[in-house]
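Okay, so chain A shows up in both of these, paired with chain B first and chain C after.
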Partner chain A sequence: MRAYLPDYNLRAPRSLADALDLMAREPGVWRAFAGGTDLMVLLEFGALQHKNFLSIRHLPELRGIEITPEHVTLGALTTYTHIQRDADVRREFPLLGAAGRETGGIAIQNRGTLGGNVVNASPAADSPPALLVYDAQLELVSASGARWIDYRNFHTGYKQMDMRPDELLRRIRLPRATGDLKTYYRKVGTRKAQAISKICFAAGARLASDGRIKDARLGLGSVAPTVLRCARTEDVLRDRTPDEATIKAACAMLVEEIAPIDDMRSTAQYRARVAANLLADFLVNLKK
Partner chain B sequence: MARYIGKEMSRVDGVAKVTGRAKYAAEFRAPNLAYGFIVLGTMAKGRIREIDTREAERAPGVVRVFTHLNAPKLGPKASTEYAPPRNTREQDKSFRALQSDRIYFNMQPVALVVAETYEQARYAARLVRVSYDTERHTTDTEAVRGSARAPSQGSPPKPRGNPEAAMKAAPVRVEAEYRIPVEHHNSMEPHAAVAAWEGDKLTIFDKTQDVYGVRAHLATSFGVPEENVQVVSPYVGGAFGASLRPNYYPALTAMAARELKRPIKVVYTRTQMFTGHGYRPYTIQKIALGAEASGKLTAMIHQAVHNTSAFEEFNDNTTGFTRQVYACPNLLAPTMIVATDLPTPTWMRAPGAVSGMFALECAMDELAYALKIDPLELRLINYAETDPESGRPWSSKALRECYRLGAEKFGWKDRKFEPRSMRDGRLLVGWGTATGVWGAFQRPAIARITLRPDGTAHVTSATSDIGPGTYTVMTMIAAEYLGLEIERVKFELGDTKFPRAPAQGGSQTTSSVGSAVHGAALAVGAKLLTLANQDASSPLKGATASDVEMLDGRLRLKSDPSKSVSVAGVMRLNNLSEVTETFESRPSPERQKYATMAHGAQFVEVKVDPDIGHVRVTRAIEVTACGKIINPKASHSQEIGGVVWGIGMALQEATEIDHRYGRIMNPNLQHYHVPVNADVHEVETLFVEEDDKVVNPLGVKGMGELGMVGIPAAIANAVFHATGKRVRELPITPDKLL
Partner chain C sequence: MTDSGLKVDVACTVNGARQTLRVHPLARLLDVLREDLGLTGTKEGCGEGECGACSVLVDGELVNSCLVPVLQVEGAEIKTIEGVSARGAELHAVQQAFIECGGAQCGICTPGMVLAAVSLLANIPQPTDADIRNGLAGNLCRCTGYMKIFDAVVRACERAGVKA
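Now for the complex of A and B:
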């Protein structure tokens, strides 16, 4: 049943500094409310435990897409619609556009943010596998400063993150020069749209002139307590040609590396099998 | 020239719907309205030990909290004899809220909190504390199927011939078991009621398919005469069977309104809808088919078991149509029921038929592969030229033409027989077919027409329009036979102040109510003829009612349209400000000499991704023969909707129950999946019209349910053809294909 609204506080700080100041003074009391597309679902089911929120949607410091020779930097409030519409992002980071298209419906895409998708920390989220493949970095800010961390180290357990209660996610930075990265994105749900993933698979790789895999990157969702960059499987692939033996070895390692569960959406067995099938499909198509 | 039948007509209520002028149950207001919010229990079986409402009562705005301790007892329930299809049912024992401390199912209502605002009621509902004495429950039909029994009402269908012996002797046999999970209707509009008493007179705005059924139910519940109860339900945002029987909330709402002496509104949440009405039962079907090597069926044994509740019998008649689909001399087809601690199931679009035909038509496909005969050919070999059950001729049956046309449009002749033999790149392609059947039911119905000299008409009948376009088709029929422009005719429904009509279910509304409107229009013409012929100089002198027709404001001889009188003139001459006729149509005795059914053929293409087991229905062609098509536009919409639902049933829909707690796990549209637009590709619906004046004067048969009946089987058969894997358990989710 829907929660009782008067139980909740929602404040709209004037600026990012004000927001961080409040979070520093009362650490753990205030949490960010951006698009609200995850939080409102919990509210509707009466399952939103936290009571005090800071509305950050209007803060310009968290918005915008900035392009430098080295990086494309996305404000945490960048929506799924923004990443689909921005021509530069679309061209250089096609996995992000694909993830944006596959997330929710149009209304959710207009409102839901990339930053929210990251800090909501759902293992079934659709953009984090893409961010993992692009070696994204996160900028966490607080009243006492800012720090950059690699996204692949951000999630530390189910719904656990390397993020202090007084910190906000400000920006997501993607290294450029992804031009020759061959990419692959598949979201698998019970239906073609508006379904939470049974499994989400994002991948990228470069082939050297001798046909060997130089730079394999695998980001998976819904196969472990967190979204997962599958480093051990990447190790298997490194410097090998994507032939049958390699594919077999990589798939075997992937099944070992992930830790899927049975739930209402799917079974562990299906997830392991499909993860391997999608990896094989990715690798077979790499040669083409 | 006003001629409408058979022509495409947009919905007459379309503008009202898209502009919000059409009012649905929850949108009605009343002065001094208070709001009720239902509190659901949290265990599956036992008794309420204690219920503490003190905190809830102290919450802001709360007027009263009703529980079984303070809610008045309702009177005995009337039998809902109007609920189609005409299954025999035991005396009504349907669930009513707050009548005892007994818990029959999880998420059963245990309290109703009434407050000044909806939000206050919803908040206080969270403060009601309930403790229970729990008993062991059973919600898993599989676990108790061994104790299935025949329904207590109605005589069990007799076997035909000697099915067991014939099965033993059959040169080719297939036998398999099929499963269908619990499914919920999930109409867009939530069920809702607004109830207001004035003395012992009740007005209730309700979402229902049967205003008269709700009226009888409330009259007996509150011990007032039926004429004291007015049920109003002008628009229904989908129901699909979920509002055929009175659910528990109208009596609950009216009870609160009576006790508090003020109008009350109660609206189900989406979650409450999952136990607030019935559902398609969990169904296990065992089918054995025996045939000669030529493909001729020699024996059919089709046994279904489905769940019902612990307090009431529901019989989905799963195997009913099996008796009439194929010519076969030996047959046994019982439907058995077994009690579970869940709410009572109910009719859900194409009840019984879509479930039974899923199993039968998959089994026919399995037989085709056992015989190495083309699946379509096998159906033609066993074509029933007369009704195999009664031996009577069909009033009409254009199924053979449906097969032919569908196969031709689809390109069936290019199908390769072997499974896994067709590809589109890396995708596996499968083509499947199945037959659809439904009845051509008709029930008594009454319509009233008032024609005025200005050439406008007011037509009423207390049917419902849950979406098929009843407003439109009744307006078309009236306009056609009154000879008026359609804009001059106003049709109203969904109110017990209008003449009695059967529930809108079983695809019988156009045949029943349409026949009444048709009859009333002819009665108006007959009356005018009598009046006209009181004038000695009438050009229609000597004509009888069947000789005349109305068109463009004139009553004229069919054989010689130049002989006519002005309708307005006749009324003026007789000092009449209007002519009103009420007509009751009834199924004709002629129908008894025939078997009456509607048929269809479905052809489906699927593409299966072998890496992930995902099935896409890329093409569906459905050809149906259901008599005369009155409004092709709405009719195609009906059949397309049926195909889409069939896709959902085949691939996605399932109400998941955690049997440890006997609780539904996915009572929301986030986790109860129905198809989205991206799941629906090419759908083509075609009609083979039948000229059938036996079924009713309009020549129409049931079509709303028919459209989905064969689809799940056709998809399952296509999936087998694509993958070589026979999935006998719906829905066919990707997990089952890897």
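Now for the complex of A and C:
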């Protein structure tokens, strides 16, 4: 059933400082409201437990894309449409472009934000696997200051994360020099638009001149309680050539490393099988 | 629907007319348009962002009005199906093409389809077939089987071709 609106509140703080101030004075009371594409669905179904929200959509400190020699830094309010319109981001971080193109339909891409996708913390979200492959870092800000953390350490359990109730996600930073990283992105869903992933697979690797794999990075969605960087499978791949034996060993490790479940979208067995197939496809194509 | 204690003033422009709305900040733009402003051309299908029947343009961008809390349209310019053709003027090329190609049956998806198509042509004046499919992928239709809608968008492009 639809929520009873008078129980809820949404305010638009005048500035980031005002928002952080309020969140520090009344910790846990106020939560961010960005594009609303996750929150409004919960509200409509009477499933939104939290009651008081701060609209952050208009705050310039959380907007924009900044490029320095070392990093590309995306404001938390960067939408999927912003990513697709930015030729530099698309060229240097093609996995992020691919994820954006396959997220929702145009109206969702116009409204949904990268920050919302990260903090909503769905294990089935489609951009986080790409962010994991690019070694993204998050800037969390509060009235008492700012801190940067590695995104791969952000999700600590199902919908659990390393973020205090008085903190906002301000920016997402991606180290550059991804030029020679060969990348691969596959979202497997029931249809192209709108469908939530049965499994999402993002990967990158470099091949040394002797044909050995350097720097393999695997980011998967919908295979565990959180999106997952598959470090043990990456270890199996390190310094080996992507031949049949390597592929077999890596696929076996991947199936062991992930922990998929049965749900209304798919089964654990299907997810494990497809994850391994996608890894094999990535590795076979690495040589081409 | 928007009868609540906590109300705020939200100023915005709807189809060219300035409005100051007294509304609950989390009221859906969809309900405010339909119930407070009587603009019932915008439809509700799913209420969860899946079907696109509630599509409108906010500052020129296609959005699902069922997912937009009205507080977030403060200062914005909104265009609904009622404002797609200038008042008293001819139909928009997209609307005309929908009529000619039989792009509407029951009509529930039509306002949203038209706005998605208008937005597509504004961003990509000469879309490929794939662009058209992608541009309409967030809009569901239970009646037409989509081909006539697709044909209508192709015809609207041909017609607007000179402008592109």
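Just so we're on the same page, the second predicted complex is superposed on the first by the 288 of 288 C-alpha atoms of A that agree within 3 Å, B and C clash if a C-alpha of one lies under 4 Å from a C-alpha of the other, contacts with A are read in each partner's own complex, and residues count from 1 in each chain.
Everything that follows uses one rule, which is that a contact is a pair of C-beta atoms (placed from the backbone, for glycine too) under 8 Å apart; a residue touches a chain by one contact, two chains touch by 3 or more.
Please read these numbers as outputs of a predicted model, since none were measured by experiment.
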(Q) Taking the superposition on A as described, I'd like to know which of chain B and chain C A:55 touches: first, second, both or neither. (A) second
Q: Considering only the touch criterion stated at the top, classify A:108 as touching first (chain B), second (chain C), both, or neither.
A: second
(Q) If we overlay the two complexes on their shared chain A, which of chain B and chain C does A:190 touch? Say first, second, both or neither. (A) first
Q. Looking at the overlay, does A:40 come into contact with chain B only (first), chain C only (second), both, or neither?
A. second
Q. Thinking of the overlay built on chain A, is A:281 touched by chain B (first), by chain C (second), by both, or by neither?
A. first
Q: Please work out whether A:5 is in contact with chain B alone, chain C alone, both, or neither, and reply first, second, both or neither.
A: both
Q: Indicate the residue numbers of chain A shared between its chain B interface and its chain C interface, in ascending order.
A: 5-6, 41, 45, 192-194
**Q.** Touching residues on chain A, where the partner in the complex is chain B
**A.** 1-2, 4-6, 41, 45-46, 186, 188, 190-196, 198, 264, 266-267, 269-270, 273-274, 277-278, 280-281
Q | Residues of chain C defined as touching chain A within the complex | A | 1-2, 4-6, 24-28, 47-50, 52, 55, 61-64, 66-69, 71-72, 74, 116, 119-120, 134-135, 137-139
Q) In the complex formed with chain C, which residues of chain A make contact? A) 5-6, 8-12, 33, 35-37, 40-41, 43-45, 53, 55, 57, 81, 104-108, 110-111, 192-194
Q) Which residues of chain B touch chain A in their complex? A) 119, 122-123, 125-126, 269, 271, 610-614, 616, 651-652, 656, 665-666, 668, 670-671, 673, 675-679, 733-735, 738
